[in-house]
Structure formats: structure tokens, C-alpha cells
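What follows is chain A paired twice: with chain B in the first complex and chain C in the second.
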Partner chain A sequence: MRRVSGASKAADRIFQVATAICAGSPVVFLVAIAGIVVYQSIPTIQFMGLHFVSGTQWNLGSLYGAVTKVHGHEVPAGASYGALVFIAGTMLTSIIALIIAVPISILTAMILAYQVRGALGFVLSILVELLAGIPSVVVGLWGILVVAPWVSHHFGIFIKDILGFIPFFGGNVGSGYGLLTSGIVLAMMIVPIITSTTRDLFLQVPLLAREGGLGIGMTTWETVRYISIPYIRDGFVGAVALGWGRAMGETMAVLMVSGNAMNILPQNLYSPISTMAAFIANQLDSAQTDATGMAVHALSELALVLLVITLATNLIARWLVRPRGARRKVGVSR
Partner chain B sequence: MRRRRRRKVSSVVGWIFAWLAAGLVLFGLFDLLATVVWRGARAFRFSMLVQPTHGIAGGLENAIIGTFELVLIAIVFAAPLGILGGVYTSEFAGAKTASVIRFLAEVLSGVPSIVIGYFGYLLMVLEWHWGFSALAGGIALTIMMLPYILRTTESSLQQVPLMQREAAWALGMTRFQAISRAIWRPAAGGIATGLLLAIAIGLGETAPLLYTAGWNSNNPSWQLTHSQVGYLTYIAWDYLDQPYPEAKNLAYAAAFVLLVIILIIQLLVRGFVWRSSGRGGNGH
Partner chain C sequence: MRYNKLLAGVTALVAVATVAGCGTNNTSNTANTSNATTNTNNVSGNTSGNASTTANVQLAETGSSLLYPLFNSQWVPAYHKVAPNVQLTAASTGSGTGISDATSGTADIGASDAYMADAQIAQTPDMLNIPVAISAQQIMYNIPGVTGHLKLTGPVLADIYEGKIKYWDDQAITSLNPGTKLPHLQIVPVHRSDSSGDTFLFTQFLSDTDSNWSKTISYSTSVSWPGVQTAIGAKGNDGVVAALSSTKGSIGYVGISWLAKGTQAGLGYAQLKNKAGNFVLPTTANIKAAATQGAKHVPSDERVSLIDEPGANSYPIINFEYLIVKDDQPSAAKATALKNFMKWAIDPSKGNSSKYMTPVNFLPLPSNVYAKSEVQIQKIHG
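So, the complex of A and B:
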């Protein structure tokens, strides 16, 4: 047996330590992000208290006028930071996106998993993954050029005519920049995520179980409905939560089609809105003009709220899609 | 008999809906591509590639070079961190540590991109006084790419059979020698794929850069801090809002260039996966 030289042993040791440090970098970034965002939010948390999440008025105050002192922090006179409008915008757009994306995704995943195979299946799967890789500004551009006019002239009026008697669906369809358009554009962005995860889940359903279904005379549709879907239910809920987290954190596409409303809660399905992520991006110039720096802290707290909501959604998703090794390995999966 | 017919019909109807859904997704994709390519290709001039942005119009040279500078800085940080981190997770860490690292990387990838950008603004632009700069933007992109590279590296190393490691160890190699001489080879394709896709992600990002890289209508100065950088996605977003047709055309052209670069990377990668998975070969 070859003797290992001292130098090789030292190199081995150094390499192991170096890789361990690199493997620790995600946690360093996570702690840094959470720490900085929390620390920079403290002045606003003390200034606004719970009104930050219940107030609807976001007002930077008089940036050139008097500065008042509240709880030891200097604040422009008349400043108020209420994020409820943006929290509501984030929730509503992402939920509309889910309502559109979930049925489309599960049906598309069925096709990808069970109806196409070989070259066609491969090409279709690639196209879905290609959709996931399209930059969000490009999707936003498509939203402005295609979806907003379509919602304004056709789809919005169509929905209003059919469902207009329900309060939230009636009212003025407007310019097309708003809640419904944001939801559609977001749906476009999360469909590939949910679809590809769900397709992988469908492929993990044991072939024997599906053959058993066909063997007792089920139609192919019933096999999917009564065997595959119950089998993947937990994982599917996780995939949906994953897409939901992505929809809530999405910035650019929403910023481009949402209409960027401030200080007013959405009145109907077509109202202009803004989400937390889009609003942070939108405030780039305004925040820097506040000499007291309170506007920067307020955006930091908004980022904190967004971070907490998306991470909670993601953690639930991970917990639901966690591999349950023993159960999945039964049988012959393709 | 009637019951069986009803079940058959509902099966057919169900699958028709499924095909319609898949068709809708494909229609959306093609409509998106067609719209952007149609507008972009008409607005695009080759002279844009060699002219910097000027006022409301001009070219894209500054943005293209700036985008590549930012992605280059990001990959310089993210590639070693991600690849070595992936090596540790796959080769050295115990099952429990590995799952913890994997989990943390996934949590990091779930952080919204605008939060990463705003974090970069608070820490690097304000606290460290770098100003809007290439380095701040590059590090924000690093945080976006890192979990992705780590995960792909780890999963492609996991696919190398244990026997190959045992063979290397049996020759008296240390773990480092085994990894650096033998084990990385079969995994190299997967790692390269991950890197390319991470670059594609970085090229298309806007939100992390808004608060870190700033905007500059001149070509990048290659100064790491205290010098703002322009990038393509900024033009595609900001110039679209301007009321002038020239500005809008520049935005379409920027989106078009971006889309073409990203599609080329994606198709290269998929083609590579296609060939290496043996589906494209004549074996079947």
C-alpha cells in the first residue's frame, strides 16, 4: 500500500476546511440579510408600531419642512408609513395567480407525465422549463404589450359581464393596469415552477399502483384522478406553496403592470394596486430624498415583512414536499 | 352500459381539458416570445451594439458590457463558493449536515430578489459607503446564484457511483486527490450546466441590481466601487416608461438582446443534457 505523504495529508485537511467554509456561505448570507434588514427596521418599528401593518397611508411627510422627534427618532413632519395596501396587494395578486395557475399546472403536468413520451415529451418539458428561465422584465414587457390591453378591452369586460353581480367583480375595468393583469402575469411566471415539480411527482407514482387501477377497469382519467392525485397530494400542496412564495416575491413584472397605486385599497378586480416587492423597487428615488433616513428604514421594514411572509411560505412548502424515502421507493417508477 | 359510456366520456372530456391547459401554456410561451421578438427585432439595429446609451435613445453598448461585468463579478464569487460548498455537501458532510446545508441553500434561494437588492443597498451602498457600484451589484447577484450552483454541483456529484470513489481511495489517494483527479470528471458536465444556468439567471435579474448597481449611460469604468453601472434589464424596464418612441424602441431592443442571449444559453444547456442523457443518440 502506498504511503500517504505528510504534504498530501495537509492538503487534504486544508481542502476539507476550505470546502466547509464555502458550504457555510449560504448561512452567512442568510444571517447577514436577516440581521441587516431587522436592524435597519428598528427605528420604523418603534415609530409606527403595529400601525405599520394596519395603516393604509404611506406618506413620506414634508421632506423640506420641519423635522419632528418621535420616540427619539427624527421624522419628517406628517410622515406616516402604513403598509396594509401593499400587503393586501401582494396577497391578492398572488392568490389570483394561484387560482389561475394551479388548475393549468396540474393538467399540464398530467400531459407531460402520462400522455407524451420520447422526443415530444422531452421537447414539451424543455419548453416549460424555458418559460421558467425567461427574465421577469421580459414577462413584464409582454404584460404591458399584450395582457394589459387584452384585459382592458376584452377579458376584463367579459369577466365583468358574467360575474359583475358579485361586488368585487363589478365596477370600472379601467386601463388594464391592475390586480387582474398582475395576477395573470404572475400566473405565467409560476406555472412552469408548479408544473415541473408536479410532473416529477406524477412520475414517482408507482407504475404498479397505476396498472392496478387500469386492471380493475378504471379509465386512464380515473387512474390519475383516484390513484395518482391522492398519492401526490402532499407534494402537490408543497409545489403550490413554492409557487406562491415566488409569486409574492416577484418584483419587476408586477411593477410594470400593476398601476403602482398608493394609499388606496383595491376597490375591484381591475383596480391599480402595488405589492410590497414592487413598491420597494418603485421607491428607489423617493427614499433617498429623506434627510432623516426614516424612509429608508420604512422600506427596510417592508422588506422584513416580505421576507418573513415568503420564508414562512417556503418553509411550509419544504416541509410538505420533503422526501418520504420509504414510501416513494416502493414499486417500479419510470 | 350507460354508466360505462358516461365514465368513458368523462375520461375523454378530462383529457381534452388537460390538453387545452397544456396548449394554453404553450400558446402563452409562444405569444410572449413572438411579441418580444417581433417588437425587438424591428427596433434592433446592429449599431446599437457599439454605441452607448445617449439621452432617450442611442445604443446598448454600455448596458451589454455592464451586464457582463456584473455577471462576471458575480460568477467569480459564486462559482468557487457554490462548487466547493457543493463538494463539501456531497463528499465530506454527514447525512445530517448535508441535509442542513441543502435546506439553508433552499431557504436562501427563497429570499425574494428585491430583498437581496435592498439588503445590498443598506449594507454595501450605505453602510460601507461603496455607493451604487459594480461590486455591490455583483455581490447581490452572487447571493442569487450561489444556492443554485451549490445545489447542481452537489446533485451531479451525488450521481457519481460510490465505487469510483472506493477505487480512487484503494489506490491510496486522499479524499482531496480522489476528488481533484477522479471524481469531478463524471460530474463536470452537470456542474458546467449549473454554472451556465446560473449565468442565465444572473443576466435576467433586475430587482437585486436596482438598489445596488445604479445606472450609467457611459461604458463601465471597471472601477469596482463608487462608479455606477448600466445593465440591459434596466433599459428594458425604465426606457419603456418614457413617452418617446425612440426610448421604447431601445427598451424593446434591450429585451430582445437579453432574450436571445438567455435562449442561446438555455438551448445550449438543454442540447447538452439531451446528448448526455443518450436520448439524442441513435441507441434507441
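So, the complex of A and C:
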């Protein structure tokens, strides 16, 4: 056996350390970000307590007025940080986005996987992936110029006429800036993510099983419904969770079309709202002029809540996927 | 073997953690490095017997998006010709970030539409607030069928933003505008969702003219807007103009540099009731009249509101645009460069001339304010 040279050993060592650094960095980043967010939130957690997540009034206080001392914390007079409006906004917009995006994604993925072949299939797949690459500020602009007026003048009124008897769907359609428009814009941003993942899942369904379905006289739809969808279910839950996380964290597009409401919970499907991510982006600059620093801590706690909710949905999705049979897992493991 | 891998992994994690740890100190590091550079330059300048003005100095400005066009497209190229050794850079980050950057030393100049609050000054008493220009703001609205300029007052605007006045044909508005036929249309109050000097101006106007607003909401670059069901928050002056033009019955406040774009988008703008009881438009003459009145009561630290000045023609919503700087600079070279630039900027024949101000819709400083700014600039030392 040939002796391993010193240089080769050193190279191997460098390789090991380099891979370890790279592989370790995501963990370190996650821990560092979470650590800093938690650390920065501590003063507000002590100051507001649980009222932070149940209160609806967000007030930085009089930044140009006197500083008062409450529970041992120096804050601007009148300061109170209640984030329920933004938590509700984040959850509602992302859920509306999922309600719109999931059926569209399943059907598009099905078509891409099974129905179109060759050049057309290739072009369509590329187009779906290009959609994912549109910068969110461009989507937001499209939301302001097209979706908001359309919701205000046509779509919102249409929904209201059909479903208006259900409490949350009736009422004033308003300006088009709000919950429904944000949901539509977000849906457009998560459709590509869910679609491309789901298409790959559909392609992993064994041909034999699908052919068997067709062989016993199932229609195309029945094959998908009774063979493909059950087969990919676990992976699909993961795909939806991925899209959901994206929808909750999206900032710019929502900020542009949501109407950025504060101090008021949405009254109906068309009400202006604001999300946690958009609100942090909006308020950070003013927060930095708070001499007591409490405003920045409050925004940190808002970021912490967003982080916890996003991680929680991810964990729930994983938990939903976990207790399935091992055979399917082989097919859909990603 | 496995033990080795583990060891490598742990070492790597520690290495990354160290790097990440350094990251948090980044701003101070950068500041230190630039100080060191200036110091070296200063030393070399001194040894070669030259005045410190010939040494290369970097001046970084961050802050107000409203002041950014003045810096980036007017002052930076112009000042480069005046003092080629000074590298002036500008960045649009928002006023609050500008102030905190100047305070922490990340930037040399923080541009802001609002002056620093007393509480901030108490914390960092070495910060100077130096006015460099005058700006104004108009109230714009989208009411189909209404031509001409609607007459509005501070208390009426406060009631609109508090949701107390809900329709355009409310008696409070019609009584101010006897000749105008106003529709029964729901009012959509539009405010800035992002932190903004425009919000500071508008809420200060409402605070000064409406005691209830002053008690409940007060003024700041972001305020806790009353929860009105129709109210919309829009980002940036462009976002407000877009929201106004697409929403019938809307009303909002917009910076004067957006007046032309707003009227092109079909928006009207209001005559506001001033302290003398007259309804005035934001014309150059009316803004100047207000600035002249305001200049009379500028304190030595120049942190002052110019809202609702007396005088028959004074337009009620105007303000100073500020440059925020530290009085104790890290080096003599930097202090000199900063002083020279600031003096140039406020000089009516140089940086403050209409050549630079008019393209960005600012007005130059009144002459007695110029003198006060100069005194403040002299406080900058190395």
C-alpha cells in the first residue's frame, strides 16, 4: 500500500474543516438569529407580558414627549404594544392564500406531470418556475395597479353578492387594499413553490400503480384521486407547509396591498389589515428614534412571535407527515 | 475516526460562532477603520506641511429619502468639484436610521425631516440638528366632481382621521365650502404606513390645531393611528399618491415634491386654514411667508417646529430639513471637512442656492437661520 503523503493529509484535513464549517453554519445562523431575537425581546416580554399577543392597540408612545417609568422599564409616555392585529393579519392572509393556491397547485402539478408531454410540458414547467422568480416588489406593484382595483370594483362585489349572507363575507368592499387582495397576491407567490414540489411528487408515483388503475377501468381523474394523491399525501403536506411559511414571512408585496391597518381587527374579508413582517418593516425606522429603545424591543418580540409561528407550522407539518408507512416514505422522501 | 470528525465539526462550529460574533460588532469596527484611515491621512498631511483640506476624507450621509435627491443628484456632484479630496457618499435609509447612524458613528451625517426629540438629545447631547432647507406638505384628495381647492382645517382633518367625520357631505366640511357640491361618499383616510417625516409634519399640524389629537395621538414619524375601518396605510409618497388616485373618496398628506405628480394623477389639493384664519395654498410665496415668520423664533439648537406660523399668507405645514451631526469628530481632518461641507451646504450662494434647491422642491433657508446654523457648525471639532 502506498504511503499517504503529508500534503494529501493536510488537504484532507482542510476539506474536513471546510465542509464542517459550511455544514455547521445553518445551525449557527439559526441559533444566532433566534438568540438575538429572544435577547432583544426580553424587555418587552417583561413590560407587556401576555398582553403583547392579546392586545390590539399598538402605540409607540409619544416619542417627542416625556419618558415614563412603568414596572421598572423606561418607556415613552403612552407606549403600549399589542400585536394581535398583526398576528391575525398574518394568519388570515396566509390561510386565504393557501385556500386559493392549494387547488390551483394540485391541478397545475397534475397537468404538468401527467397530461402535457414534450416541448409544451417543458415550456409550462419553466413558466411556473419563472413565476417563482418574480421579485415580490413587482408582484406588489401588480397588486396595487391590477388586483386592488379589480377586487374593489368587481371581484369583491361578486364574492359579496354570492356569499354575503355569511357574516365575514358581507359588508363594505372598500378600496381593494386589504385582506382579500393580500391573499390573492400571496397565493400567486406560493403557487409556484407548491406546484413544482407537487409536480415532482406526482412524477414519483410508480407508473405500474397508475397503469394498474387505468387497467381496471379508472378514469384519469379517478387514477389521480385514488392512486396518486394518497401516494403523495405526506410529501404534499410538506409542500403546503413550505408555501405557508413563505406566505407568512412575505413582507414587501403584502406591505404594498394590505392597507397597513393598525389598532383595528379586520371587520370582513375586504378590510385593510397588516401582517407582522410588513409591520416590522414599516415601523423599524421610527422605532430607532425611541430614546428608551423599547420600540425596537417590541418589534423584536413581534419578530419572535413570527419566528415561533413559522417554526410551529413547520413542525406540525412534519408531525402530520411522520406516522405514515415506510413504503410510501421511500417514494416521497425528499 | 468518528471522534476526529466530531472534533472537526465542533472546531468548525466554534470558528463560525467566532465569525458570527464579530459580525455584531461590525458597525463599530467599520467606524474605527475609517477613523484610522483619516488619522493616517491627517498625519501624512501634516508631515508634508499641507493644510488638512488636501488629505482625503470620506463623509458618509444616510437618512431621509426626501433629502436623498438633494444629496445624490445635486450636492454630491457639485461638492466634488469644490473639494475633490472629500468623498461624499449618500444613502436613502429613512430619517430614523439616519439619526441612529449619525449617533452611533456609522455615518457622519444623518439626514432627517424631523428634529431629534428631547429624550434623544438628553441621551446624546453631542448631536447637532442643523437645518439646511425648507420643505412643505399638501393635503390631497380624490373626490369625483369636485374641482377647485377644497377648504379644510386642522380640527376637521383630525376628525376625519379619527373616524368622527365619515362622509364628504358632512356638515363640518360643507359649512367650510358653501359653494361646492360635495357627494355623499365615504371618506377613506390614507396615512403613511412607513416611518416618515411627512407623518411627523401632518400629525404635528393636527396636534397644534386640535387639542384632542394632541392629547390622544400626539406627533411622531409613526403614530398609533386611530382604528378607522376604512383607513389605509400606504408606503412612501408614491404609495400614497397611488392609493389616493385609485380610491374614490380618499384623502391623504403628500410631500410638496409630489404635488405635480399628484395633480397629474387627477388629485385635488386643499387650501388650509392658517393661524390668521385665512385659507391658503402651498405656493412658494405662502411657504416663504411662513418660513420668514418661523425664522423669528428659532432657538440656538434650532430644533423647532414651523407648523401653523402666524401671518396672513403663511402656509401652515412647513418644516426644516435637518442634517444631524456629532459635534466631537474623531479627527481634526474629519471635523474640518465636515465643517467646510456644512458651511458650503447652507451658503445661499453655494449649496443653498435655488440652482440645487428648486429641482428637488426645497426652499433655501431664511437669512437669520443661516446665521444660527453657522454658529452650530462652528461647534464641530476634532
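Definition applied: the second predicted complex is superposed on the first by the 312 of 334 C-alpha atoms of A that agree within 3 Å, B and C clash if a C-alpha of one lies under 4 Å from a C-alpha of the other, contacts with A are read in each partner's own complex, and residues count from 1 in each chain.
Definition applied: contacts are C-beta pairs under 8 Å (C-beta built on N, C-alpha and C of every residue); 3 or more make two chains touch, one makes a residue touch a chain.
Every value quoted in this text rests on a predicted model; they were computed, and no experiment measured them.
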Quick one: chain B and chain C on chain A, clash or fit?
clash
Regarding the shared-chain residue A:L201, is it in contact with chain B (first), chain C (second), both, or neither?
neither
Output check: A:T220 vs chain B and chain C. Expected answer is one of first, second, both, neither. What do you get?
first
Between chain B (first) and chain C (second), which, if any, makes contact with A:A32: first, second, both or neither?
both
Comparison of chain B and chain C by chain A residues contacted
B
Looking at the overlay, what does A:A88 touch: chain B (first), chain C (second), both, or neither?
neither
Quick check on the superposed pair: does A:N172 touch chain B, chain C, both, or neither? Answer first, second, both or neither.
second
Now for A:V67: first (chain B), second (chain C), both, or neither, which partner does it touch?
second
State whether A:I273 touches chain B only (first), chain C only (second), both chains, or neither.
neither
Between chain B (first) and chain C (second), which does A:Q16 come into contact with in this model arrangement: first, second, both, or neither?
both
So, does A:I144 touch the first partner chain B, the second partner chain C, both, or neither?
both
Across the two complexes, find the residues of chain A that touch chain B and also touch chain C.
16, 20, 23-25, 27, 29, 32, 36, 144-145, 255-256, 281, 284
Which residues of chain B touch chain A in their complex?
7-8, 10-12, 14-15, 17-22, 24-26, 28-29, 31-32, 35-36, 39, 80-89, 91-93, 101, 103-108, 110-119, 122-123, 126-127, 143, 146-147, 150, 171-172, 174-177, 179-180, 197, 200-201, 203-207, 210-211, 233, 236-237, 240, 251-252, 255, 258-259, 262-263, 266, 270, 274, 279
Which bits of chain A are touching chain B when the two form their complex?
1-4, 8-9, 11-12, 15-16, 18-20, 22-27, 29-30, 32-33, 36-37, 40, 103-104, 107-108, 110-112, 115, 119, 122, 124, 126-131, 133-142, 144-146, 188, 191-192, 195, 219-222, 225, 245, 248-252, 255-256, 277, 280-281, 284, 296, 299-300, 303, 306-307, 310-311, 314-315, 318
Within their complex, state which residues of chain C touch chain A.
4-5, 8-9, 11-13, 15-17, 20, 24, 93-97, 99-100, 114, 116-120, 122-123, 186, 188, 193-195, 218-235, 239, 242-243, 246-247, 250
Residues on chain A engaged by chain C in the complex (per definition of touch):
13, 16-17, 20-21, 23-25, 27-29, 32, 36, 56-60, 62-67, 76, 78, 144-145, 148-149, 152, 172, 174-177, 255-256, 259-264, 267, 271-272, 274, 278, 281-289, 291-292
